[in-house]
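In what follows, chain A forms one complex with chain B and a second complex with chain C.
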Partner chain A sequence: MTITYKNVYINNASTIAGIYEANGPLKEYFDKTYTKDLYFGETSWEHAEIKLLKDSIDLLLKKTKFKETDINLLISGDLQNQIASSDYMAREYNIPFLGIYNACATSSEGLIIASTFIDSKKVNNCIVSTVSHNTSAEKQYRNPVEYGTPKPETATFTVTGAASILLTNEKTNIRIESATIGKTIDKGTKDVNHMGAVMAPAAADTIYRHLTDMNRNPDYYDLILTGDLGKYGKNILINYMKEVYNLDISSNYDDCGTIIYDTDKQPVLAGGSGPACSALVNYSYILTKMHEKKLKKVLIVPTGALFSPTMYFQKESLPAIAHAVSLEVVEK
Partner chain B sequence: MNNKEYQKFIETYTPKPKVFENALVSFLVGGALGSFSELLLQLYQLWFHLPRKESGVIVILTLIVIASVLTALGIFDVLVTKLKSALIIPITGFAHSITSAALEYRTEGLVLGIGANIFKLAGTVILYGVVSVYLFGLLRIIIIGG
Partner chain C sequence: MTITYKNVYINNASTIAGIYEANGPLKEYFDKTYTKDLYFGETSWEHAEIKLLKDSIDLLLKKTKFKETDINLLISGDLQNQIASSDYMAREYNIPFLGIYNACATSSEGLIIASTFIDSKKVNNCIVSTVSHNTSAEKQYRNPVEYGTPKPETATFTVTGAASILLTNEKTNIRIESATIGKTIDKGTKDVNHMGAVMAPAAADTIYRHLTDMNRNPDYYDLILTGDLGKYGKNILINYMKEVYNLDISSNYDDCGTIIYDTDKQPVLAGGSGPACSALVNYSYILTKMHEKKLKKVLIVPTGALFSPTMYFQKESLPAIAHAVSLEVVEK
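Up next, the complex of A and B:
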């Protein structure tokens, strides 16, 4: 299902990142970084995650000069049980709130919901936020943080950061042109340390359907950018698209998980993951390049593994999803 | 591409785990840890004039303390990523699993946090350890009479 939008613009965005991201190649693109530890002056990782999210919204409001009461709608999601970080962040603001969950594809789900609300004139503006925190995610999904286990090279590293974006119906120089809602796809992969393999078919299906629905070739876009497939998943996607859909995306394709870190030098194995991974890269680096007109048409495809530890222990394979959102520089 | 074909397809693009290298590191480091324990065993007998059995208990306690302190200092998990299973399989791994769980859940309090979660990883070892002790004890009685 592909939706086209006529009247949805990106007003501004804010990005807050942790120490591993600040040590990565995109350091200068983030609005704010915390480089001391992963607590940010809070007493627990969960509180630290909530702080990140609040910081990103406060900073966004400051950057845009919009007041809290001017915002019509706030959409946010994260990786905690009951999307706790978003819920506890939302209680601090006097803004109508929708909580969403699509694992690491949460940012694109939020963009699609917000764009649809704005384009259908139900609201004038909307903030879409997401957050992830390395150690609170480890605690939520895996073993205690201090517990060491040898991990395979295909495992990914959860990004610590929060990103918020303000969409409006007032014209700016970047617009959301169209979006494709992904289908949940499960190709039977059961390896939680190989999320790239879990999510690549979902990304491939969404990219293929987007290009077909919009009657476009891959080279229509200056860049097609998946969320967090990592260096092995990236390779799987390129070859899977060739084999199954006969589409070659290798020349203008990249993955946020391999952009946010230097995978050769940093201890991040196959690359970054988590909802903040794609959101941080898209809202900082990609938007900057679009403002500079170095990129004019970008298809962002955040990818998410919709897995639950309980279902995994009950021997279920891992479902995945990817939503595509097309960003375009507005030519004057 | 059906699910079976996909699982075959991704194998081509997935690096093989370095089984031999990991096993060799584990073997050498695990062996060194064993030799270190043996040295302690001899030294404790010499220093404290303890019988071998009691000295063994203190060796185990020493290893538990070292592993727990290294876990609390955030060093043990880094060592595990480098030294593979050599530190996880011996008693050091057991101590590490308990200390790391205690550290993790201290933010939820003494009862619902640490108390409820401290054996999250070690519980399996304790349960099946006790069950196997009973089974093998029973077998021993049946076969050699005690």
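Up next, the complex of A and C:
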């Protein structure tokens, strides 16, 4: 089931990133970077994460002609238990709020819900936000960084950053063309240090269904871009698509986790992860390339692992999901 | 901003409850009860919670003419970190999945998103689910029950139960008429043992905006029904509505937390809470009364506290939210 949209446009977006991201290849594309430390003047990692998210909303409003009171709806999610970063961000704004959670696929879930509200004329506009923070994620999901727990090469590195996007029914030069909502796929993998392997089958299922529903070949898109599979997961996806669906995506496919960092030079193992990984890349680098018309049709496929530490400790395998959103340059 | 819907109908719903709920006044209205213990044959509270949720979906499908493959969209959320109960339920179904989190207001968030997808013809139908489990919630939010931690009278008691509802574009005798999305309200309250006080201002804001947007008086509705304010929070809301908005809701207002249990006789302190509290009451008792035409217009207002233990330990106050959904008997 792929949904098509007629009147949903990207008005503007804001991206704020931390140190590792500012030291990566996309530095010049971010609106703002915090490069002193990961506290950003706050007293806890969690409050730093909330600050990042608020910053991204404030900056987005500043970049547009919209005031807070003009915004009809705010949709946000993050990795914190009870999506606390989004909750505590939302209390600062007098805007109706819907909290969402699909782990690192959260930004695409938000785009799809927002586009549906706008296309159906229930609202005129909507801000969709997400955030992740390396050390608050490490503390919650794994161990505090100070423990120095070693990790294998297949592990990914949670991106520190926040990204917000404003969708409207007012025409701009980039639109949300269609979207495919992911199914929850669990192939029995239990390795929390190899999320690329966990999430690749979910990405494959969604990409395959999207292309089939829309009767498109992979080369319809200038770029197909998963969220945070990392350098190993990326190859797994390419092979999986070929073997299971007989589809070759190798010539126009990439993964945000390998774009946001220089995985050969930076200490980020297999690449970036976290909901901010794909949102930062898509809302900075990709939108810039689309504005420049160097990319005209892009299928973004943020990927998420839907597990919790509690379920992992109870020996459960790791379900995953991926939602695909087709972005298109509007031809005059 | 209140959204109106033209073609969204309640097809059917399923409700499954635990021991305390089966011992309460609504026993005869639930489809199924588990009265032996709170494990339901599983080995952990969390797996018991997942089982409840799956049970409710299976039972819902069984009660309707719909097969799993007929369902276009599944929306679910719960209280577990990373909404794990919904994630692990969703992997069992081959249905596109959107995970949501607005704490105990989750069911109304789901109804609103689902109604928007259906009314805009993006999907034909959608299942919306939620679950909560007393002892898994105690373990995660407070202390394991075995610790015997005492609580004040203002504390509420997390409902054990799961509830699923099928919304469709096919006409039935109850429809979703309109909805008001809540704003995140934080009045600075920090008492996690008095959620009624935390959430009442959010409920008041949403009810006031709903009535104002729709140009309705409180008595337009046969019943206005909050989610889980409990017996103290209920009185706070009545007084708050009168003092702040000069609106008297006392004659047609009630709270699901005081309906699901007999708070005078059962050991549940101020009453029920948890996302299953309002969903169980609304999808069993209220829908039955609407089918019998004893209630024709009902405004359900599930209420949620958007905090996390981590933020509470960092001395933060507790934000809250409430979404209002207007249910209406369809006159022939």
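Simple rule for what comes next: the second predicted complex is superposed on the first by the 332 of 332 C-alpha atoms of A that agree within 3 Å, B and C clash if a C-alpha of one lies under 4 Å from a C-alpha of the other, contacts with A are read in each partner's own complex, and residues count from 1 in each chain.
Everything that follows uses one rule, which is that a residue touches a chain if its C-beta (ideal position, glycine included) is under 8 Å from a C-beta of that chain, and two chains touch if they have at least 3 such contacts.
None of these values were measured; they are calculated from a predicted model.
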Which superposed partner A:E316 touches (first chain B, second chain C, both, neither): second
Touched chain A residues, chain B compared with chain C: C
First, second, both or neither for A:L306, with chain B first and chain C second: second
Chain B versus chain C as contact partner of A:G148, first or second or both or neither: first
Touching partner for A:T116 - first (chain B), second (chain C), both, neither: second
Contacts of A:D87 with chain B and chain C, given as first, second, both or neither: second
Touched partner set for A:T189, first chain B, second chain C, both or neither: first
First, second, both or neither for A:S44, with chain B first and chain C second: both
Touched partner set for A:Y208, first chain B, second chain C, both or neither: neither
Overlapping contact positions on chain A, where the chain C interface meets the chain B interface: 44, 46
Touching residues on chain A, where the partner in the complex is chain B: 43-46, 139, 143-154, 187-189, 194, 197, 200-201, 232, 235-236, 239-240, 243-244
Touching residues on chain C, where the partner in the complex is chain A: 1, 3, 44, 46-47, 72-73, 77, 79-84, 87-88, 90-91, 93-103, 109, 112-113, 116-117, 119-120, 122-123, 140, 180-186, 306-311, 314, 316, 319, 321
Partner chain A, residues of chain B touching it in the complex: 1, 3-4, 6-7, 9-10, 13-15, 17, 22, 71-72, 74, 76-81, 84-85, 87-88, 96-97, 99-101, 103-105, 107, 120-121
